[in-house]
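Structures incoming, each one as structure tokens.
Across the two complexes that follow, chain A remains constant while its partner is chain B and subsequently chain C.
Now for the complex of A and B:
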């Protein structure tokens, strides 16, 4: 009896395991097909295009010529540099402002429920509408900012913030931070509210000051969320298109042209699909490398800070 | 170490009064346990002592100094939380060292104090681990370690064992009692578990609805419960309560008539008893024996080896529980006669106050 039961068991288990696996594949099949159609195929098509000189007139296989031209162009490297500068600056500001905002919203201040609602609009209203609003404010003739600066005597003449290279770049950053900060703030706030009250009370009993508790408890406890938000925010900012396009279309004289804007200009505006595709592939490779590094880093952070 | 005095402490949250007129004098090196059902205010009282919560009125004196307005760190207390409140991102060493780092002690002193605490709590091998890598009991010890290094005047414990399984809880009870003796410390310990209270405390404070029901040694509470609440809360299984009517009082005690018509004279002080009063006679399950007396239909018999706990019902539906010898021959479904010695009975008046027993066992000091 026992012998029969023992020999029968593994076979039964194996059969069940196989059918479980088949069932699992069956369950994810629709999603896989969906991904194949909307992600894999366009990606492969873009890679193929990048080895051609495709335009509206037709396409010829040109090998790595597009890439060779791209890498040899000093303007391209300037754009790569500008894109990373744009990303690092905007993400840092979003994180810092988000952290300060979340800390204030998490504090026991009167009317904090109202403030929590007031944080939302930049995130909730459509980006295009928000950006058009900013474009008006930056305007030299009727813009609010120029008007206020003149009113308070800080400038003599009107300032068109989007008209000069430096001010256009930093103005675009300000708008990008305005759009991106609310979500960062709310994620930080949610993470802060998840920190056990006992940890703060234990530290309070031990005499830790507010700043000490923030530094030694809040920050380490929400560190995995900070790192995750930094990664997501970095990818979104790197690929941020509509804000720059609505404000400046990459100008003046390329001052706000990031990789994604450059790609759009080449592939869509100039209809040089092959060259545009090569740029798109470079973006994918850069972001993939960046993401892999970040995920590795996030994993280390999670382990260090004791997250499950 | 230190004494701890609470003087007329009250606490209300808005209209809700959670503590009323709490007066307590806790002696130096005493292990006092606050016990009571959930919502009785015991944790709030502990948090008021710690300074995490402000009392609505009243004073807290530690070693004779009024600390009512002092910050927690200036009161000379340390607290162990129910959740342990360990910092998951810090090692065991850094968790224990946390209060010392806050106080900016030099590294050599930190090392020496953490080392000593770790030695006492057998954590020396675990100092480099993170709390997530420890068992529940070890985490608990780290939390205790963090409170030891501060060398506080009074240790406060808020249900520290309630997250542990039964076996570990038993072990930690013994360890905590030993620790209290080794450190010669004044400790205040909150629990809802009367077994923890009975086994560890020098004296127990029984709290109910924000008031102190009784403050006394475990044996005082067991043999001389001041109220029906204390009588039923302390002791396992719970005390049986039999309704009865007073038919007479005399020097030998109060004579009562039970529902079935049986009469008994119980040796208690009779000053508050009047003929015709409805009272409740309390008998502990361990004081009931098989014999001619109360008739009970036995429903369930739990054999624990040394004793057998018999649960049953009287003819009028009243539930009874008796702790019988382990080798008792009664069977479930059978009618069983139970009896008790009059001296073992507790009598409670209509307000739930006890009529003091005349012949109770001598109390240990």
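Now for the complex of A and C:
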């Protein structure tokens, strides 16, 4: 028996392995094709265009001129700084609010099934529609927020939150957090429910407080999910277009113009394709650098907590 | 269980905090409903007030006249999202299976490549994407919204589905092999039926992605009004002079209702599925 198995196995495995390769690539081929045509080729083309002065009229090779102009423009660096500030602030808030929300939804209270459903709408509806609701609430003449602030006597006059630079920026942040929180909450909740009950019981028997269990069991156990949600969320927030576009179109006076809004304005609204492409390339390089750094960090966190 | 028990005061605290959290999440919807029920003249002139004597459903009748294509927009949104979901799933299922089960050269590298696609939202690649779609004569057709939608959802789909497929016991497939079934037959008749719960979760997640993010591709690649999806179509309520906010809100709420109803039925699977996905061991 053993003899037969030993002599037959290598040959069968080899045949299987060869066909495995071909079969695997066959299965992946349709997905690869989509990505090649819709993502990879346009990406290469964007890189090429960034070295031209392409407009609707035609294009000439201009070398690194677009980049030189971009990097020499103090406004551009202001936009880069604003984009990172936007990303860090919005993502931190999403993670904190999501963690609080998930903890609440994870509590053993009657009605939790209903609460879990009620948290989902902002995630399920088109982003643009949620933004229309917020745009209304922010307006100064009849908006809810302005109305409430007056009612409670916090302000004398109507406040048009999207009309001044600082308030417009933070209003956009709040809406972005609102759009992103439900998904973060649900993933955290799912991760919390995956934590082994034995750990909690052991700690409980030892007399550990609820806060201690949260800090020393829940957080470390769901850390891998927190860290990967943070990365995904950071990338989406960095590239968040619809929210800002619908609320302010990047205004007032550029206060909410992030890299992606600037790119859209230059490339699509003004149809200066070459300059727009250079901005798009900068976004890709910044995000790639950020992600690689982050993945390295993720790797260390995972190793530290012994998760896979 | 004893360990989860909360004292009366703790319960009140949890309920109060949950209420605040949900208030933040649901406030825009409450406000949209309130606005949709009030006549335009009162919205603009009267002082802010929570309750009003003049609640009516007038806006829900008038909106169909103000924007005659509204019904089309609602349909288009659902149609585009459904088409994106079906095509994405057809592409994702075999790929996810390959990553879950087979060993092949460049496996990790290509999976990493797929995930890196997440870094490029459509907005970064709009210019050449416009040209690609023009070359394929897809501009101003449903395809202009469907094809890019599919491409950007493939990576997430593969990533999510892979972890579900990994949990299906290998023995079942091997049994089918031993019985002489072909690989494709095994995939179709053994793996896919077993993966139905995972497929529902991934399908729902893809649908949500496709439904939520139609705006950018629609406003950039399509200017045929008849095939515009709801988020883009709604902007017809926004006039140069005045926006009929109450009708806009009524239309938005009406537009999302069909999907919300379907979602209510699917949410149980989604929460359960996400949980199952998180429990990796």
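One rule holds in what follows: the second predicted complex is superposed on the first by the 287 of 308 C-alpha atoms of A that agree within 3 Å, B and C clash if a C-alpha of one lies under 4 Å from a C-alpha of the other, contacts with A are read in each partner's own complex, and residues count from 1 in each chain.
Note that in this section a residue touches a chain if its C-beta (ideal position, glycine included) is under 8 Å from a C-beta of that chain, and two chains touch if they have at least 3 such contacts.
From a predicted model like this one, the values you see are computed outputs, not experimental measurements.
Enquirer: Given the superposition on chain A, are chain B and chain C in a clash or a fit?
Expert: fit
Enquirer: If we overlay the two complexes on their shared chain A, which of chain B and chain C does A:297 touch? Say first, second, both or neither.
Expert: Neither: A:297 stays clear of chain B and chain C.
Enquirer: First (chain B), second (chain C), both or neither: which does A:147 touch?
Expert: A:147: touches chain C, not chain B.
Enquirer: Could you tell me if A:198 is touching chain B, chain C, both of them or neither one (first, second, both, neither)?
Expert: The first partner, chain B, only.
Enquirer: Per the contact definition in the header, classify A:85: touching chain B only (first), chain C only (second), both, or neither.
Expert: neither
Enquirer: Please determine whether it is chain B or chain C that touches the greater number of chain A residues.
Expert: Answer, by number of touched residues of chain A: C.
Enquirer: Contacts for A:212 in the overlay, against chain B (first) and chain C (second): which applies, first, second, both or neither?
Expert: Once the two structures are laid over each other on A, A:212 reaches chain B alone.
Enquirer: Using C-alpha centres only, what angle sits at chain A with arms pointing to chain B and chain C? Round to the nearest 10 degrees.
Expert: It works out to roughly 80 degrees.
Enquirer: Who does A:221 touch here: chain B (first), chain C (second), both, or neither?
Expert: Only chain B; A:221 stays clear of chain C.
Enquirer: Tell me the contact category for A:276 with respect to chain B and chain C: first, second, both or neither.
Expert: second
Enquirer: After superposing the two complexes on chain A, what is the shortest C-alpha distance between chain B and chain C, in Å?
Expert: Between chain B and chain C, the minimum C-alpha distance equals 6 Å.
Enquirer: What is the shared patch of chain A, the residues that chain B and chain C both contact?
Expert: In the superposed arrangement, which is not itself an observed complex, chain A uses residues 201, 204, 308 for both chain B and chain C.
Enquirer: Would you mind writing out the residues of chain C in touch with chain A in their complex?
Expert: 1, 3-6, 11, 14-15, 17-18, 21-22, 24-29, 31-32, 35, 43-44, 48, 77, 90-92, 94-95, 97-99, 102-105, 107, 110, 113-114, 116-121, 123-129, 131-132, 147-148, 150-152, 154-155, 158, 183, 208, 211-216, 220, 229-232, 234, 245, 248-249, 252, 255-256, 259-260, 263-264, 267, 271, 274-275, 277-280
Enquirer: Given the complex with chain B, which residues does chain A contribute to the contact?
Expert: For chain A paired with chain B, touching residues are 196, 198-199, 201-208, 212, 216-217, 220-221, 223, 304-308.
Enquirer: Over in the complex, which chain A residues touch chain C? Could you list them?
Expert: 17, 19-21, 23-28, 30-32, 34-35, 37-39, 41-43, 45-46, 49, 97, 100-101, 104-105, 107-109, 115-130, 132-134, 136-137, 141-142, 144, 146-148, 150-151, 178, 181-182, 186-187, 189-191, 193-194, 200-201, 204, 225, 232, 235-236, 239, 241-242, 260, 263-264, 267-268, 273, 276-277, 280, 283-284, 287-288, 291, 308
Enquirer: So in the complex, the part of chain B that touches chain A is made up of which residues?
Expert: 50-52, 71-74, 77-79, 81-85, 87-90, 98-99, 102-103, 130-132, 146, 150
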